[in-house]
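Written out below as structure tokens is the structure these notes cover.
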Amino acid sequence: MRETTVVRLSEDEIQLNDPILLVGLPGVGHVGKLVVDHLVEKLEAEKVFEIYSPHFPPQVMVNEDSTVKLVNNEMYIYSAGETDLVLLGGDHQSTTTDGHYELAGIYLKLAEELGVSKIYTLGGYPTGKLEHIDEVMGAANTPELVEELKEHGVTFKANEPGGGIVGASGLLLGLSKFTNMEAACLMGLTSGYLVDPKSAQSLLAILSKLINIEVDVAELEERAKDMEKIVANLMEAKQQQQGVLRDTAVEEDLRYIG
Amino acid sequence: MRETTVVRLSEDEIQLNDPILLVGLPGVGHVGKLVVDHLVEKLEAEKVFEIYSPHFPPQVMVNEDSTVKLVNNEMYIYSAGETDLVLLGGDHQSTTTDGHYELAGIYLKLAEELGVSKIYTLGGYPTGKLEHIDEVMGAANTPELVEELKEHGVTFKANEPGGGIVGASGLLLGLSKFTNMEAACLMGLTSGYLVDPKSAQSLLAILSKLINIEVDVAELEERAKDMEKIVANLMEAKQQQQGVLRDTAVEEDLRYIG
Amino acid sequence: MRETTVVRLSEDEIQLNDPILLVGLPGVGHVGKLVVDHLVEKLEAEKVFEIYSPHFPPQVMVNEDSTVKLVNNEMYIYSAGETDLVLLGGDHQSTTTDGHYELAGIYLKLAEELGVSKIYTLGGYPTGKLEHIDEVMGAANTPELVEELKEHGVTFKANEPGGGIVGASGLLLGLSKFTNMEAACLMGLTSGYLVDPKSAQSLLAILSKLINIEVDVAELEERAKDMEKIVANLMEAKQQQQGVLRDTAVEEDLRYIG
Amino acid sequence: MRETTVVRLSEDEIQLNDPILLVGLPGVGHVGKLVVDHLVEKLEAEKVFEIYSPHFPPQVMVNEDSTVKLVNNEMYIYSAGETDLVLLGGDHQSTTTDGHYELAGIYLKLAEELGVSKIYTLGGYPTGKLEHIDEVMGAANTPELVEELKEHGVTFKANEPGGGIVGASGLLLGLSKFTNMEAACLMGLTSGYLVDPKSAQSLLAILSKLINIEVDVAELEERAKDMEKIVANLMEAKQQQQGVLRDTAVEEDLRYIG
């Protein structure tokens, strides 16, 4: 395979009502991925596109039944009535810089084809601290959308994140300037050290209001509780070691347990 | 050379009976490469294709007579009667991510051209322990093939290997979804630290039954005995140092001796 | 987006008098970027081209109003009368080697289109010492331009910088051999550890004479004073630690504070 | 510049008698580069091609008169009478794997165009020891050429160098299999830590006999003497530190002084 390939799972034309695209790929705290994977499962969204690319790692994942799945990104649809959903999730982001640009361009084209007029890319905002903060930070491609999101409880800080937004979440926002779509990035605050289902819950709470959809969050809550115990143990261990080991060493050990 | 180039060594059309493709390229413990190189030698398989690529390292190997060999991958055939063999071996895998995808695509096309309907990619499964375990783990592209292989003694564990299967072995399995071929990856358990002819023997034992071919394993046994001595020395040294040096430091030193 | 894209902000033909191109992209001490960004702001130069590229990082910057800006390079024009200016600035340089070549080629084409006959690429020359030296070093693509610049106070040393000039500043000079343009690189001396507005002032002083334009430098001066305090603190700290810590360790900590 | 570009310095057709190509690009001990640069200077060879490429670093070198030179490779010719010479030298090798393959392919095409029937690529063979050994090791693309070179004092060892030959020297040998040219790699033994004019002298001595050309080596001898003093100092320092510092630490410090 030399080129990024979009596999269309149905030959029927897809008809959607004013759909919103939600993007949740692996990233900081896997917050975005947790939310989109959860929505796909709970809404029983229909998979319509599989995207394979030489920019993804040369790798298969092994399923529960020992069959394999080639690493990919996937697009799902869900008919909610007035405002339908398109969901983009996947195993990996591009491994190359130019692959990020190519894939983001392809995703925007697919979104246009499906009639998407608004995009929410979902991610995590690293705080460097283990304590949970129930907050979602945003950035958008128009001042109007910034205002709209403020009214729904999203917080905005001038020039934050300071290092910009890197990867698919940022790039889809940036490249949306060449389209007619509104786009915002919503980032659940998270330590940056662990997969964070609690942050995903915070993000999902705000998102549910934005897209006017309710989903069962029991599973996320359960995973969040498990993670809280791990975090509590870690913080206790950290306090005991204070003065003995450098904090950073502990924190480095925690990176992406989960 | 700007493009991957397939050199065909014969102008005659190749006629094979229902051939199976065996793939053994360098990788964990070089288990897959050891098996395929051994089969090529013992079966006196006929080289039919040489594959050169700008994705391989810019390098020549020096032969015994001081002539050189440009780094490549090679495809061999062997007429076994009812089920013929196609064997793919080589000096290196791709050095780039997209090269992996390109080469895997080329190998699948060559396999289709030769009439291959089943693929076994051969590799190693790293255990992190020096003790030999006589076991071959598998993953496949259909549940039916998983069942068939179980009956021949291949073990399967849900979602294992946890990190997926990386490189040509995994990718050929993954990309086989775009073909009509059945495909499985067979992984001999191995420490992951050393070239492992003993694991290659375990893998060859199961493979021989699968492809119904017997080969002399005297040479592999000899190499395995040499390696056993090295391992025994290493484990002794390790026990003596226990408490003195971190284990990992020792193990790192052993990485790919052989 | 698969290709570098030049967005033209006006459909009118651009008419300039014998323009000089000034290039100030991020680099050593950000000296060149500080000068060009300052000129663009103070001269209220008009943005005419935005350059987007898959060779830039896959990233957006967040503005003060929480809207986003896709990472890019930008070209501005300023009508000074007899000799007009073209200014090239931006967030990042190419992240890839071949991207450097591609972008430099594009910039030279745009410069030719605008009628540019002379280029000054602006950068920093790392001294490895925190003390400010009020000096601008140069290199050029013709001996005549070397002489001309000497008369304006630019210093030249045989075969210096010893490691050549790397990145856009160097490449634009090198590739100018395929055009009819004169080109020089002007480098303000700078520690190499910090963003250096004081070096930018030195560079701007000489440049002002070269292009016969005066600009208010109050802001650069203010930033330079802030930086002087930081440097003074650092040097004091360094003296105190002398004998205790390796100097290089301190210096490494200072790298690009600012 | 998006593509590798060959600049032809003359429009006249180049007429050569049965020319031999000598290749000396930067590499181990810069041995090959020292020999070719020396030959170009002493024979006053005529530059015929300049090769520029986005696979070279994005960099200019600064000349003695403060003008710049875009990093490149260069091809020269020298009419010796019966057997003419083509010489390939340069500032850098490719920075990318596929660039190595592309450039080697281009060099072979240019060689074919000039009527080259034999290639000697020149390099260094790292011994890891500071003591000079007056020996040149070889590898070739035919057993006949191996024999011919043995008669001229080149040494050959089975499967040596063990890691193969990497870079342009190896690749030109490897890719010559797709041409009608004979090709050998001649490697002067060298520590691998320092630029080594003494090894270049050893290599030049054998090469002179092979190509039947005599050149003044006074300059190389002078540089070799300077380097001998440096090596003597280093070895003394090393002996004094023995037991105090690890040898490798010292040796690492010496890497490519010169």
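Labels A, B, C and D are assigned to the chains in the order they are written; within every chain, residues are numbered from 1.
In this section, contacts are C-beta pairs under 8 Å (C-beta built on N, C-alpha and C of every residue); 3 or more make two chains touch, one makes a residue touch a chain.
Being a predicted model, the structure only gives us computed values, none of them experimental.
In this assembly, C is the chain whose CA centroid lies farthest from the centroid of chain B. Between chain A and chain C, two chains of identical sequence, the interface residue sets overlap only in part, with shared numbers making up under half of the total. The angle of the rotation superposing chain B on chain D, based on CA atoms and rounded to the nearest 5, is 90 degrees. Averaged Cα coordinates give chain C a centre that lies 37 Å from the centre of chain D.
Distance between chain A and chain D, defined via averaged C-alpha coordinates, is recorded as 52 Å. Across the assembly, chain D contributes no residue that touches 2 or more other chains.
Taken chain by chain, the contacts form a single closed ring in which each chain touches exactly two others.
Every residue of chain A that touches chain C in the complex is listed here, in rising order: 94, 97-98, 100-102, 104-105, 138-143, 146, 156-161, 164-168, 170-171, 173-175, 177-178, 185. Against chain A, in their complex, chain C makes its touches with residues 1-2, 54-71, 95-96.
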